[in-house]
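These notes concern the structure reproduced below.
As written, the chain order gives the labels A, B, C and D, with residue 1 at the start of each chain.
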Amino acid sequence: MDLTVKIRNKTLPNPVGVASGTFGYGEEYAQLTDLSALGALYTKALTVEPRPGNALPRLVETPAGMINSIGLANVGVERFLTEKIPYLETLTCPVILNVAGSTEEEYASVISRVDSQNAIWAYEVNISCPNVKHGGMAFGTDPVQVERLTKTLRKLTDKAIIMKLTPNVTDIALIAQAAEAGGADAISCINTVMGMVVDINSRKPAIPAISGGLSGPAIRPVGVAAVWRVSRVVTIPVIGLGGILTWEDAVQYLLAGADAIQIGTGNFVTPDASVKVLNGIISYMKEAGFQKIEDFHGHF
Amino acid sequence: MKNFGSSILNQKEIAIGYREMTISWPQSLEAPLPGQFLTVKVTENPAPLLRRPFALSGFDREKNTASLIYQLRGPATRLMATLEINSSIEVLSPLGNNFTLPEKDETPLLVAGGIGLGPVLYLARELDKNGFSPRLVVGGRTESFLPDLSNLKNGSIHYCSDDGSAGFRGTAVDYLKSLDWKELPSARLYSCGPQGMLNACHNLALEKNIPSEVSMEQMMACGVGACMGCAIEVIGPEQYARVCKEGPVFDSRRIKWT
Amino acid sequence: MDLTVKIRNKTLPNPVGVASGTFGYGEEYAQLTDLSALGALYTKALTVEPRPGNALPRLVETPAGMINSIGLANVGVERFLTEKIPYLETLTCPVILNVAGSTEEEYASVISRVDSQNAIWAYEVNISCPNVKHGGMAFGTDPVQVERLTKTLRKLTDKAIIMKLTPNVTDIALIAQAAEAGGADAISCINTVMGMVVDINSRKPAIPAISGGLSGPAIRPVGVAAVWRVSRVVTIPVIGLGGILTWEDAVQYLLAGADAIQIGTGNFVTPDASVKVLNGIISYMKEAGFQKIEDFHGHF
Amino acid sequence: MKNFGSSILNQKEIAIGYREMTISWPQSLEAPLPGQFLTVKVTENPAPLLRRPFALSGFDREKNTASLIYQLRGPATRLMATLEINSSIEVLSPLGNNFTLPEKDETPLLVAGGIGLGPVLYLARELDKNGFSPRLVVGGRTESFLPDLSNLKNGSIHYCSDDGSAGFRGTAVDYLKSLDWKELPSARLYSCGPQGMLNACHNLALEKNIPSEVSMEQMMACGVGACMGCAIEVIGPEQYARVCKEGPVFDSRRIKWT
């Protein structure tokens, strides 16, 4: 059985990754799950400058989900290179760096400054960030900006560029096509869904940022639909995520057209969800007689 | 630190709305220290989704059992209350840091309110066992909020209630203030409970110039330091600290009280 | 305490309605809840011609939600007038007719043909329907189409026109503004979120239409966020819905800027949810010292 | 029809993976008829969200108790199995239509498979009480799937198992075919179970030219006819019928078998 997933000129050992922002840099989970079994580890978003993150509180639970307002809390490129890279170098699984910024130049600057690091297998570009030069609408909501950003970043590196799409758009397929046109090597979808909770006791939003990012099982049907639509219109691999808790959830994504998946919020509920999901996928493939990941595709 | 299936060995109501649960602990796993916590996965259904954090309220290395005290508040604790003896729950522990032990000559003053009782009680029992004479001050609104605590060998327990229906009339901090501080040259304060109580403990510690540790609370998602969700504001080079990793126990002087 | 909600030149007796497609024409729930206590009853979508509805099965449960693919199953205008109007005439609560179509003319035709009926208090226009003349994208995804459709319908009737928005757009506030510019008297939001479930045993989508409409508690944070954003930019009343099960959920919507709310999927779980929610709102208002619905607004 | 809080009076396993639950019934509420169903709200948490439909498997007007037989399948039935005696559940019932009674001279042939047992058993007992001699045919894969049923006064019970480990070897429909149909001039067929069994019953009824009713299943949301979610395809002027309202019992000739 071949579990590998080809992205650009390299292969992921298996289709099960852990999602950006939910797994730190892996160290925090090292005692709880086998990091060497991960198909990929997507790090927390990295920006040029350190960012402290959003005001408090940053989390609120919702029905079968949660909203986070972490912001892009991270140590910035400089400290990343000295404080995080040494640990990442010890990992045997592919490490995919999640990259964020407020301008095209910021994204570009992150990649330029870290690209020589061998510990980085590929980049996942978080385009849910507001573009400060374009009135603050997220990069990922405008196909023109997405194509341009992808093109710019594509030129800077020989590593794979994975564009991570936001579901908060009218037509996610259009955005995916723009990313592919710009030279993306793969698409990750979805990032969190915009959501809001009001605290009826304090009569204020539950998080100071008012709205935040909804994740978890509640949004799984949104993610599966997005993967289905995106995988119809692009030829590059699609990495599906959103609400995966169990291997059954992951298999839904693969059948809908995903080539790989990521577990985000699911890690919080089951710290070794990634291993369990991978084992479940393997058993399913055995029973179904699937030899490779592509065998999941084309059933409808 | 381990995520393990644990058996519920016992659970009972210890005060109105408060329950104590005793669970089995894997032999191979390190013992939790006072101040550390666990997170519980309460259901296989996706709601309530997040694991819930609870401080350890006791630990028995011989029997390999741990206990926690929880207040019935919402969906997760309501579900926990329905779990029968011998049923199993998924527990991730030990998490977070722990209280610093006092110096040999220090009198440990321990303050607990509401759901803060668990960790403080565990600390009191440990200190008591180790030859200290902890003074445990437990505050509640009325008598009915005050659990009946097993007595300490060297230490003492002082109840306070806002309405005077049990013990001292007033808050736990009022009680501390009423002590004869001349006979307490070197005290050390530990507290866990509502934010207001912790802040008052901090102010008292400043006034008396004694060391003071507080156990903080914040909404958590991962519980292991990975998500940055449980941040609180602190003083120092970094604006935020994670309650689940740098905490839950902090030097009260490090907290940015608001 | 004044619970009324003014829309155009009339007032709803209270802010709690039951959502289109989840309550039939009321008859089915008559034994289970007090219909006369409803702030409004929004009927199943009506189209000019009868429609049998979508292929089977039409429902699938999701975490804290459900997906439906009912389609616009309804008896059409002719049978509506003879079979449904007589019952609706017996109701004392405001009946708001949900109107749907595949072209602007179809929407217009429904309203023209039923407008003389006194049993109809207002229209709620479901613009989540695909516009067959515009490549099948839903009317509600394009502000230009929304404004034009609203203008067209506005001319046909003296009854209130409530435009019901889809959340499957990049910027719902823009669509709401277009509706207001077109002369809408109120905005309902949200309709269902696009979602999909794959049956991993049959390896087919759980519903033949592949994707369907996600509703229920899972989407409540999406609805609350939409109401917040829309109520910032329009001056007409906003009717909030999506995932309301309890009065606490309803209060979240009101605090976020809604003037009224609707219960959809919640009726399936608790057949008399509407009465319970209304009572909960009243108790909350008493405790908060609120005199009228507007007192919910402006707290943040 | 009413949505009411009901007490669980009893529940027990009656076959591997199958449980029977007895619940209290409001005195003021009409008695459910064989074929009718109820929906249960299984939890206050929002997952599993939808109420779950179950057919009545018995009713006692004197004691005001109703029963249902359910198979452990997923989250809702797993939760139901954990409910203790005297705990309460929210029930909406009676819903849907019911089986038509046979003519005086007709022999009622009742076929049940799997979760179809409940409604058929209820019908068998009612017919038995009313002087008919129902022949109840219960099919399962192996012996362990076959519950032990209380005997009927006039009627008879026939077990069938695919592997021959109990009773007749073969399906329930095979058994029916094996009967001496000459001594069954006017029989009437009732069936509930897997789609394939119902279709086979329908075909047999056509062949023997006897009336036949099937109890159908479909995913439900409202259960009261409001949402159009539970539609199935039927023959007639309308393409679809609602299982919860026009059904769950249909003349098998009305169903569009696929």
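The working rule: a contact is a pair of C-beta atoms (placed from the backbone, for glycine too) under 8 Å apart; a residue touches a chain by one contact, two chains touch by 3 or more.
Predicted model, so just to flag it, every value in this text is computed and none were measured.
A.B. asks: Starting from the defined contact criterion, work out which chains touch chain A and chain B both, please.
C.D. replies: C, D
A.B. asks: Weigh C-D against A-D on C-beta contact pairs and write down the one with more.
C.D. replies: Higher C-beta contact count between the two pairs: C-D.
A.B. asks: Between chain C and chain D, what's the gap in Å when you average each chain's C-alpha atoms?
C.D. replies: Using C-alpha averages as centres, the distance is 36 Å.
A.B. asks: For chain A and chain C, let me know how many angstrom lie between their CA-based centres, rounded off.
C.D. replies: Going by mean C-alpha positions, chain A sits 34 Å from chain C.
A.B. asks: Using CA atom averages as chain centres, what separation in Å is found between chain A and chain D?
C.D. replies: The computed centroid separation for chain A versus chain D comes out at 47 Å.
A.B. asks: Averaged over CA atoms, how far is the centre of chain B from the centre of chain D? Could you give it in whole Å?
C.D. replies: 53
A.B. asks: Multi-chain contacts only, two chains or more: what residues does chain A have there?
C.D. replies: 63-65, 216-218
A.B. asks: If a residue has to touch 2 or more other chains to count, which residues of chain B qualify?
C.D. replies: 46-48
A.B. asks: Touch graph across the chains, line, ring, star, complete or other?
C.D. replies: Its topology is that of a complete graph.
A.B. asks: For chain B, which residues are in contact with chain D within the complex?
C.D. replies: 43-48, 75, 79
A.B. asks: So in the complex, which bits of chain D are touching chain C?
C.D. replies: Residues in contact with chain C: 1-3, 41, 46-51, 92, 218-233, 238-240, 245.
A.B. asks: Can you name the residues of chain D that touch chain A in the complex?
C.D. replies: Chain D residues touching chain A: 46-47.
A.B. asks: Which residues of chain C touch chain A once you look at their complex with the stated criterion?
C.D. replies: 62-65, 67, 137, 141, 168-171, 193-198, 200, 203-205, 210-211, 214, 216-222, 224-225, 228-229, 243, 248, 251-252, 255-256, 284, 299-300
A.B. asks: Of all residues in chain A, which touch chain D in the complex?
C.D. replies: Its residues touching chain D are 63-64, 217.
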